[in-house]
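Pasting the structures here.
Next, two complexes with chain A in common: one pairs it with chain B, the other with chain C.
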Partner chain A sequence: MATPRTRASSFSRNVPSTAAPQVPGVKSGPNGTLFLSSGISDLDKILGGGFPLGSLVVVMEDPEAPHHMLLLRNFMSQGLVLNQPLLYASPAKDPRGFLGTLPSPVSSKDDKPLDRDSEQEKGLRIAWQYKKYFGENQPNSNSQRDNKFEFCNEFDLRKPLQRQFLSGQRVECMSTQDSSDLAALHDRCATFLKQFFRTDGNISGAGRIAIQSFCAPQCTYFDKEWHVLSFIRSLRSMIRSSNAVVILSFPPSLLSPSFSKRLQHMADTLLSVRAIPDEDKDLAKLLTGYQDMIGLLSVHKVARINTQVPIILEAATFSIKLQKRKFLVLECLNQAPVDGSSGTSYATSGSCSVSSKGGSLDF
Partner chain B sequence: MDNLLDRALGLDGRGDRWPLLGKVVLVEDCVETGGAFVVHHIIKRFLSPQPAAASNHSLILVAFSQPLSHYDRVLRKLGCNLVAQRDNDRFLFFDMLNLRFPDRDDVKTGSSVLVSLFEKIYNAVRALSAEKNCITIVIDDIALMEVVANGSSDSVLDFLHYCRTLTSEFDCSVVALNHGDIYSTTEKPMLMLNLEYLSSILVRAEPLATGSAVDVHGQLMVFNKGEHDRQGTPGSKVHNFHFRVKENSVDFFYPGGRG
Partner chain C sequence: MNFDNSHEAKEGANEKGTPLGVLYLGICERERTYWQTILLSSPKLGLDVHVDQLQSLPQATTMAESICRALRDGALEGEHAPALTIKDSIDAPLGFDVFAHVLAQLSSHILAGKSQSRGLVLVAFTRSPSFYVDLLKERGLEVNSSRKWIQILDCYSDPHGWKDRIMGQGKVDDATKEASGVSRLCKDVKDMDKLCSLAIELGKDLLGEGKGRFSFALDSVNEMLRYASVHSVARVLSDLRSHDLASCVFWLLHSDLLEDKVAAVFDYMSSMVASLESAIPASNGLRISLENLSLTEQNFRRAKFSVRFKRRNGRVRLMSEEVSIERSGITFSSVSTDGGTMGGSLLPKVQFNLQLSEKEQMDRAKVVLPFEHQGNGEPIEIYDGRRSLADKNNEAAGTMQMKDSSKGEIIYLRDSDDEMPDSDEDPDDDLDI
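Let's look at the complex of A and B:
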């Protein structure tokens, strides 16, 4: 979307793509930050490149739907495909079982360009005003494809991840239900992050930590608010000095509002997911493509590391859709036209000026 | 060049004395709109004032939320080199980020950390003021200090009271960042009410009521308690304006007054 453009001032350094670090799956961003992919290419684009290394990503769960799992799954799979070490903590009795549900990357090279083309055609047919987005995507994905490791893969949610990615020694799992307090988890994170301690200049690898349903009621530390907060404060300080990303989901509806606010303040990137009710007639009338949506994702805060400028997105809420029942995509919400005439007037005023980039879709 | 925030804080005076001396400035923000840029702005103004009085300004930054590299990069873009200032002994950085995670046994650690922190600050301030320096203490941020104190807001308040005594004893100023929306659902947010009472200038950063925009990042409310109005009678004054944060500066303007 417009994120990369808003961020670049006229004095920004033009980093050539060849200067990117040689570690697979790591991309350099503005202000000396390095990005890891979230595993969802649309989310990377929305956030201006991905999750910066050294940041804490917090996902606020919906109490009624497990949409946060979609984010976690893609994030974890992406890491495993790139051979990045992973630490996964969950309140389940057997966290390793969750690894069986991770999606598999679409590996065949011939599948993807075909997919792109059909996507473009569809864009031309249904909504040619989105051409500007395709224009941006195209060079990006082309350059990435040349590398052996891609920054962000596409994942087929119906296929489980192949065994070969899971068999390595690089996956650690832990149940947060067992221990009476967070000291064990803290020690585990500390030893995990020690291998990614940031030294000046060179980076040898990147790690990922996924903590699912933190402070769920079945954990014994559930009511020790200050204990939980000081764990996150400490985790945040550890992650700041290491080349890793922590993604943590928590159920805000089960916590006191001030506690939840404190957690949100500590987050570098703050997302929330929401289910959409099945038969909401008003919403269905208001939004196009309502039938295909499985949920909504809101971006509340984008990480601001080494800068004071907030990133203001064009839209804060996106619909989560499954393309061909396989791929997770995020789309802007589009208001359904009230009648035929209003649609055309919007189109003529809005996008003709933008479509100056040239291409097969120009009018 | 002065902007609306400088004017509201009283920084636009031409005197060679730092105008915030002896004052406590409290910055409150919320999840949607961060207020850190106000703190950065004050740090920058304090460390690079008009050339005449520049040499004896010293800053103590107590950082709970970000590492030094972050502040260094941000301030460098604003035109202020913290590392060079640190080498000149004009900038002291207290890294509270890497405090140890408290174990089960030491429940008392929280307040003892703050006690030892205050001792360090006190010694630093005393040493600096012996050289006739003009000192500002910046605390970023109080919500995390509460976490470090294990939720004991009393010890945080004690700490801030002690810091405030420094303002009268050594004539230094205190700038603190806090998150206002944490307390919005608390029935009697003693910490926040006490802080607002203690402060002589309150700066509140809020999102626009109409949502976020690319051109306007939010609005600031500056409540300056010690300001004199046009007739010269002491009173308090409220300034309201919008802002847009940029890498090397912040634009301040009245609502709708952006050219």
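Let's look at the complex of A and C:
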């Protein structure tokens, strides 16, 4: 694999795009897609850059845990920090109260979690006998880190967002509790998205819409499932022609299975969060870092708008952890080292089931 | 579950300038508690932090006690009230007994002044107020004491107002004198909004002039669903939970009378779900034979009681117990928990850890790789046919020979002994581009 070539790019992962996008907070990716950050850098990496502009992100809630709020909060804060207008709808009577819980970005003075990826690239040491002829060819990822700062921030969940970001016309809030046929929500979204109508020229700005707990039981439209679906369909058509991203969370267990499935199919990017049992000895034995985990995030579908090539993820489920109790990180599920005696607990789901027997035929 | 908080951000409270004073304003239900558990280790911030009560449960208490304790402790500032669903079914019809037990426990805490709530509003759909008064009296809880602590919203006697219309001015309910003192008749239960506001009004009435909170108990959600749609009942529950003065809410539900979707709604809206299942495994439900009969009879006395607590840190605690109804009352006994069976089913294929910890990274940095010494600026040593390195190698070979000669006469000369000790056997090695 290590062909001796003078180009540094054979070892570098992310080729920095030459055309810098005009708008901060919007990154350009392959196939002409533009990305908005989700507010969680790990999630951006997993999804291949972020949320594509013009896509609908659906988060399936778990009725037993509020982790979808973490995703929504990071998304909303990221937008506000980058001066992107935001429309927020929730079933509460006063949605503005939620804005008080948005996290604030970490300033560069504070310690940030290590950027693990670039560390490894810089420190990649190759035991290669022709290295002595070429000197050091290290991929320089420093410039990328600066760009990333304009795109995705680290958020400190302990600190609330400063008031200056919340004021002004940037944030609109709406309660979905009383709308019986979602017409009001539809109109509000339509007027909001008109500002970001997509033209062939350069984009002027990007917007974000966050709809929380869609189809919560106390909403009047709760039983009207076909209305819900037609709303989502028209929302999708509106958003395809605008420079915005909509994130919507709904509890799938409260809809009938067929409608829940239909809603899931309408998503461009589909994520789900799940709760984990507390003080579960089996899980603690099975996974490393079980104590720090607060939940699980699964990626079911990744939006691929301008291409036919799907993203096939190595792992679809990630653990949600709070690093240093401040930062939200997503990590791959790592199996704890298994000692020989207890190899049976998970062996059946592994590749060979014979190993679970052990016994006298230990090789 | 309404994770959002409908409270207005209280602007005035953070005038002290502590930026984290803002934390407690307008925060959603569990969000606030996330931050509480996070802040536990920072006393220097000078904030009064409440410890997550469920964390400090001693293991010896039964689950029922822990439920009652959670209800007793009530809601924290800026948070939704804890909500308990008691679910049963025809196989384990002990739901009302558990409900009555929880009611009695909470009432005794209220009377003793140990709970956050100072009063209880009971919305009675399935039984008359006099029944409840007698029930509480049996357990030694006086309803008409000096301090008003309970109000019963009577939705049982005349839910549609028919009796009122028929009898005109006559007495509608045949409640005893005691019960009528604490109960209030509701004549139109279909209007859920009105019911909700009536319940809240009764609660405020209990508090009187003083500060404090009050609790709600709803006798049977199934009855409510007969009169109104799911979303109106859900609205009532979420309004009660999110009310500023609500301390805790609990309700009874018969799960087999509802569709799964509807039962899921009430699971969604509660923070603790206590379900009663048959202690005897159902063998063949329909056939009733002599053996079965005695077993099914037992279902009226014993059941398996399992609770799912939605903890503040986003995890779910599962506990399981056995409940039995004797003549003397209700008892809870613990069974050996086989907890953790759900864990394995949650996870997909799990990989091994490919990341390095700090220590491992440092160790890795110390490893000297084979060609590394070559690019360092030292003279590059390549064998080019001359035995300039022969001394070095002879030394090595010599020591080998020395060692060997002590044992015997095995002299080993490597075919390629002119190679450097730590380089690959690469014929291209002598290339000097």
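Everything below uses one rule, namely that the second predicted complex is superposed on the first by the 281 of 363 C-alpha atoms of A that agree within 3 Å, B and C clash if a C-alpha of one lies under 4 Å from a C-alpha of the other, contacts with A are read in each partner's own complex, and residues count from 1 in each chain.
Heads up, the rule we're going with is that a contact is a pair of C-beta atoms (placed from the backbone, for glycine too) under 8 Å apart; a residue touches a chain by one contact, two chains touch by 3 or more.
All values reported here derive from a predicted model rather than from experimental measurement.
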Query = Does the superposition put A:G205 against chain B (first), chain C (second), both, or neither?
reply = neither
Ask   = Once the shared chain is lined up, is A:P95 touching chain B (first), chain C (second), both, or neither of them?
value = second
Task = Would you sort A:H67 into first (chain B), second (chain C), both or neither based on which partner it touches?
result = second
Query = Is chain A touched at more residues by chain B or by chain C?
reply = C
Key: Which superposed partner A:P24 touches (first chain B, second chain C, both, neither)   = neither
Query = When the two structures are overlaid on chain A, which partner does A:A316 contact: first (chain B), second (chain C), both, or neither?
reply = both
Request  = Look at A:L157 in the shared chain and tell me whether it touches chain B only, chain C only, both, or neither; answer first, second, both or neither.
outcome  = second
Message = For A:S237, using the defined touch cut-off, is the partner it touches chain B, chain C, both, or neither? Pick first, second, both or neither.
response = first
Ask   = After superposition on the shared chain, which partner residues are touched by A:I276: those of chain B (first), chain C (second), both, or neither?
value = second
Request  = Could you give the residue numbers on chain A that contact chain B in one complex and chain C in the other?
outcome  = 256, 316
Task = State the interface residues of chain A toward chain C in the complex, per the touch definition above.
result = 63-67, 69, 90-101, 116, 123, 125, 127-129, 131-133, 135, 157-160, 177, 212-213, 216-220, 222-223, 251, 253-256, 274-283, 286-288, 294-296, 314-317, 322, 325-326, 332-335, 345-346, 349
Complex contact set, residues of chain C against chain A = 1-9, 19-20, 22-23, 25-32, 34-35, 38-39, 41, 229-231, 234-235, 237-239, 242, 261, 264-265, 267-269, 308-311, 313-318, 339-344, 346-355, 365, 369-372, 374-375, 380, 423-424, 426, 429, 433
Inquiry  = Help me check something: in the complex, which residues belonging to chain A touch chain B?
reply    = 6, 9, 31-32, 181, 183, 186, 225-226, 229-231, 233-234, 237, 240-241, 256-258, 261-262, 264-266, 270, 300-301, 304-310, 312, 316
Query = Tell me, which parts of chain B touch chain A in their complex?
reply = 31-34, 36-37, 40, 64, 66-67, 69-70, 73-74, 77, 97-104, 143-144, 147-148, 150-151, 179, 181-186, 212-214, 217, 245-247
